[in-house]
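Note that chain A is present in both complexes that follow, paired respectively with chain B and with chain C.
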Partner chain A sequence: MNYQLNNINLIYDMEKEGGTTALQDITLSLDGKGLIGIQGPSGSGKSSLLYIMAGLKYPTSGNVFYGDTDLTTLSMSDLATLRRKDFGFIFQQHFLINYLTILENALVPLNINNKIVKKKAMGFLERLGIAEYAHKYPYQLSGGQRQRAAIVRALMNEPKVIFGDEPTAALDHESACEVMNLLTEYTNNTMVVIVTHDESLLKNADKLISITDGKIINVSGLEETI
Partner chain B sequence: MKPLNPFTYLKNNPKKMLPVFMSVAIGVLLVYIFSLFSATTNKMVSVATFDITDKYNIVYTKDDTVLPQDFLDEIDNAQIQDVFPVQMNLSGLAYYRGGMGSTTITTFNLFDNDILRLLDSFGIELIEGSLPTNNQNEILVPIEFALQNDLAVGDYIGTAISDEYALQGKYEICGLTQGEVLFSVTCQPGNESREQVMSKGVMYSIDGLNAAKQTNLIESLPSNVIFITSDYYQQEFSITLNSMQLLTYILTAVMIIVLCIALGNLNIVLFDSRRNEITILYSIGFTKRELARKLWEENLFVCIGGYLVGVLLTITIIGLLNVFSLVPNGKMLEIISFQGLIAAFALPIFVSAFSLLPSLLSNFHSMKEIPY
Partner chain C sequence: MRPLSTINYFLKNKRKLLSNITVIIVAICLVYIMECFVSSIVQSIYPLDATRFEYASVLVSTEAVPEIPKEIITSLEESENIDTVIPVTVRQIVFSVPGSTTHAAVFSAGSENLAYLVDKFQIEVLAGRLPENGLDEIAIDESVAKNNDLEIGSRTSIDMSYNLDREYTVVGILDSDSHISFAGSPTLQDSALKYDETGYLVFASDGHFEQMENEVSLLSGQGINVWTLSLYNKMYEKNNQTFQILDTMVILAIVVMVVCLVCSKYAQFFSRKSEIGILSALGYTRKEISKRTFQEVIFTNLIGFVVGLVIAILLSKTIVTIIFDDIGGTGVYLYWKAAILSLLAPTLTTICTLFPVNRLINKVDAISIVTNN
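For the complex of A and B:
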């Protein structure tokens, strides 16, 4: 599914004098698959851009087209439905639910518990090397194992787009590379959008968007519009 | 079980839900106990009054004059199953059941050859002693009255024995009865014949008489005639019984308000501790409505659990109280009250919804912009 962002502006605290500009005149088009990296220094607006693309924030102005759908015209409820249907999320904090087992956490997006989905989840867990922890709770696993569990959860609904907001920030470099390699495996049919400040993790990115002070300063790897 | 099934949360977080569970259980216990006291009072009034007028109407003159002949003829012609000459000239006996206040057990002054038929018609059994005989100052009392006053067959009651009695004179307890309806019976017709007594007071079965016929019989009676019917007792007790019912509803409402405020604050704290969970569920695509429903269902099941435990606890406490303390003393509290169960059920329903509102409103509002 293609993305088209037109003249996106995001200003926080508009009621205060001037507000804080997080994104400024972002215009961008992306096609439907591959690894998209968004990088930039802390506070540059990269996470804000990701949340706007994911329908987790409304921009102050501009349009976000996901296919033919303008996300800015959808209600919060419709956005939630879209996220559940089409998107997968991996956050900086793994954000697993602590009272559910790893397997149950994987089943959360579908909220179904039958043999078929359990088999599917176990397949993902196995592929990511944490099948033996399926019945353990998140607090019994290491950071890297929890992040893999979060990836399994993100994959369960067979998303068209996977969003990762600093998904490797809590991991050591080796684990981080491992997680990125895993995500890269899904880029043939899926768009994987990763926000990170660690450029070395995006060496396999099909597109790399550099952002500073809320503005895109560079898009490398293809012919995107700035 | 689905991962987001409310029971999954409850199974894995029993300690977090314990305060809500306990609060509702205690609230239900208080409301239901009060309801049982209220129901016991209702039952006490019923067994001593309404249960009698459900089977018999009693008509007599208050000035010892004779009843209108038309009325007596109609009684004759109506082919009524049981008609007893009765004198309503004796005071009743105080009866406590264990609820609130006391009531009076009616003392019927009958002829001795009518007593067995009257007892049979109510399914009352003579469990000890014998039936009273005419003009022997003997009285038949319910076992409950005897137990409450530590009396046995052969003991005497009446104003001549103690000022605590309203029954004038001195009567020997000749027998004890057991049944669902409570009244005492003595046989003091004096020198009056059966016909003479019948002309001044009559107790007649209303089995087979439709409501219109019952009304017709008594509607044209003069003002010196007293007729004891269900309506008579309804007028006498309705204000008291309705007040108690109202009090149950007020107590329930107060309990709901108190619990909603207390648990509302508690739920804000609980919700705050689950902020990450709610945020992630919202992010991955669960709508606010779905999340609110999940939280409400969890709260509801905890409250329903509290309700069931509160009811069972109340039944256990009252049951033990009955077995070990009240029944041996001729008293008994009700252990089931459908009105009480319904009133107490309002607690989990309202508390589960309203105690959640403050946390939903404050937190869901701020979820417009998710703080990652």
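For the complex of A and C:
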């Protein structure tokens, strides 16, 4: 699915004098697959851009086309439905539900528990090397293992786009590279959008968007211009 | 089982379920038992005081009218509304249950009238016999006997506060809904009788009960102490305010319990803000998250109510039986009003939890949850 962002502006605290501009005149086109890296210094607006693309936030102005759908015209409820259907999320922290097992956590996006989905989840867990922890609880796993479980959860609904907001920030460099390699595996059919301030993790990115002060200053690997 | 199902949540959080349910159960038990206790007092006392007036009105002499004039009695006897007027001496015997004390009527009548009274008051002689006229004997109501720990052959104690100025030997045990007892003495001819110890039982003709009551009630204007069912009920309604105050206190107690429960439940949901936020980020609509929350709240309160009510009924049956039934009172353990008042706690808790929790769900911002942690 293609993305088209037209003149996106995001201003926080508009009621205060001047407000705080998080994104300014962002115009961007993205293909439907591949690893998209968004990088920039802290507070540059990269996470804001990801949240707008993911339908977690409305821009102050501009349009976000996901395929033919303008996300800015959808209600909160419709955006939620779209997120659950088409998107997968990996956050800086795993955000697994503590009282559910790893397998149950993987099933959360679908909220189904039958043999077929369990088999599917077990397949992902196996692929990510944590199948043996399927019936353990998040607090019984290491940070890297929990983040892998979060990846399994993000993959369960066969998303068209996976959004990762600093998904490796809580991991050591080795685990971070491992997680990135795992995500790269899914870029053949899926768009994986990763926000990070660690440039080294995006060495395999198909497209790399650099943001500073809410403006895109460089897009590499893209034909489109800013 | 669906990972986000209510049952799964409580299976994984048994302690939370238990603590939530326990509070509801305690609230229900307190309310139910308290209401049953109060109802047991009423059910024990009211029949002793009131039921005899369903059969006959009572005229008692007073200081102003130490002897009820013959012409009044004759006029009553001639009335088409009145079947019979029976002269009696009036005694009382104490009847106590926890929370209240009253007196049960002990009449003494001439032997020629005793059979008529037994028939009219639908009294059954369970054991022994009726008292001999002129002797210090008593045939006592079964409940009153139990309350005073009396049986055939035992003797009543003197209780001047209730005009019981002599010791009676129990010769019979009676059963009737009016709880009347009969004594053999003093007889109507006893010269030592005081003004408030003699009177008449006035029985209505068939279908003329109300008219009889109206006719008899007029005599109170002539200084005679008159007791009819309607007069008693009027007095009872006035005194009933005590129970209304108690009901108000029960409702206030429920409100306090509900406030505590709602605060505790809100705190529980507040601690799950991150779960709400992540579900929202993953694509669950607020409606879906609210629905899940509502199911959890309703499930807890419903289970709490059902279990609480069963425990409350069992506890009431045990406690009330020991406290009331065993001393001749009427223990109430199945009481609709108590059940309805008990239902108030889980219902109000559900309603009062849902509003703030729904507000919390609406206010939770998925982004602030995933970025602030």
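In this section, the second predicted complex is superposed on the first by the 226 of 226 C-alpha atoms of A that agree within 3 Å, B and C clash if a C-alpha of one lies under 4 Å from a C-alpha of the other, contacts with A are read in each partner's own complex, and residues count from 1 in each chain.
Definition applied: a residue touches a chain if its C-beta (ideal position, glycine included) is under 8 Å from a C-beta of that chain, and two chains touch if they have at least 3 such contacts.
This structure is a prediction, so every number in the text was calculated from the model and none was measured.
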| item | value |
| --- | --- |
| Clash or fit, chain B versus chain C on superposed chain A | clash |
| First (chain B), second (chain C), both or neither touched by A:14 | neither |
| Partner chain in contact with A:109 - chain B first, chain C second, else both or neither | both |
| Partner chain(s) touched by A:217 [first = chain B, second = chain C, both, neither] | neither |
| Which superposed partner A:47 touches (first chain B, second chain C, both, neither) | both |
| Clashing chain B stretch [against chain C; choices 76-84, 94-102 or 112-120] | 94-102 |
| Interface residues of chain A shared between complexes with chain B and chain C | 47, 51, 56-57, 76-77, 80-85, 87, 89, 91-93, 95, 97, 99-100, 104-105, 107-109, 111-113, 153, 165 |
| Partner chain C, residues of chain A touching it in the complex | 47, 51, 56-57, 76-77, 80-85, 87, 89, 91-93, 95, 97, 99-100, 104-105, 107-109, 111-113, 153, 165 |
| Contact set on chain B toward chain A in their complex | 1-4, 8-9, 12-13, 276-277, 279-289, 368-370, 372 |
| Partner chain A, residues of chain C touching it in the complex | 1-4, 8-9, 12-13, 274-275, 278-287, 366-367, 369-371, 373 |
| Sites on chain A touched by chain B in the complex | 47, 51, 56-57, 76-77, 80-85, 87-89, 91-93, 95-100, 104-105, 107-109, 111-113, 153, 165 |
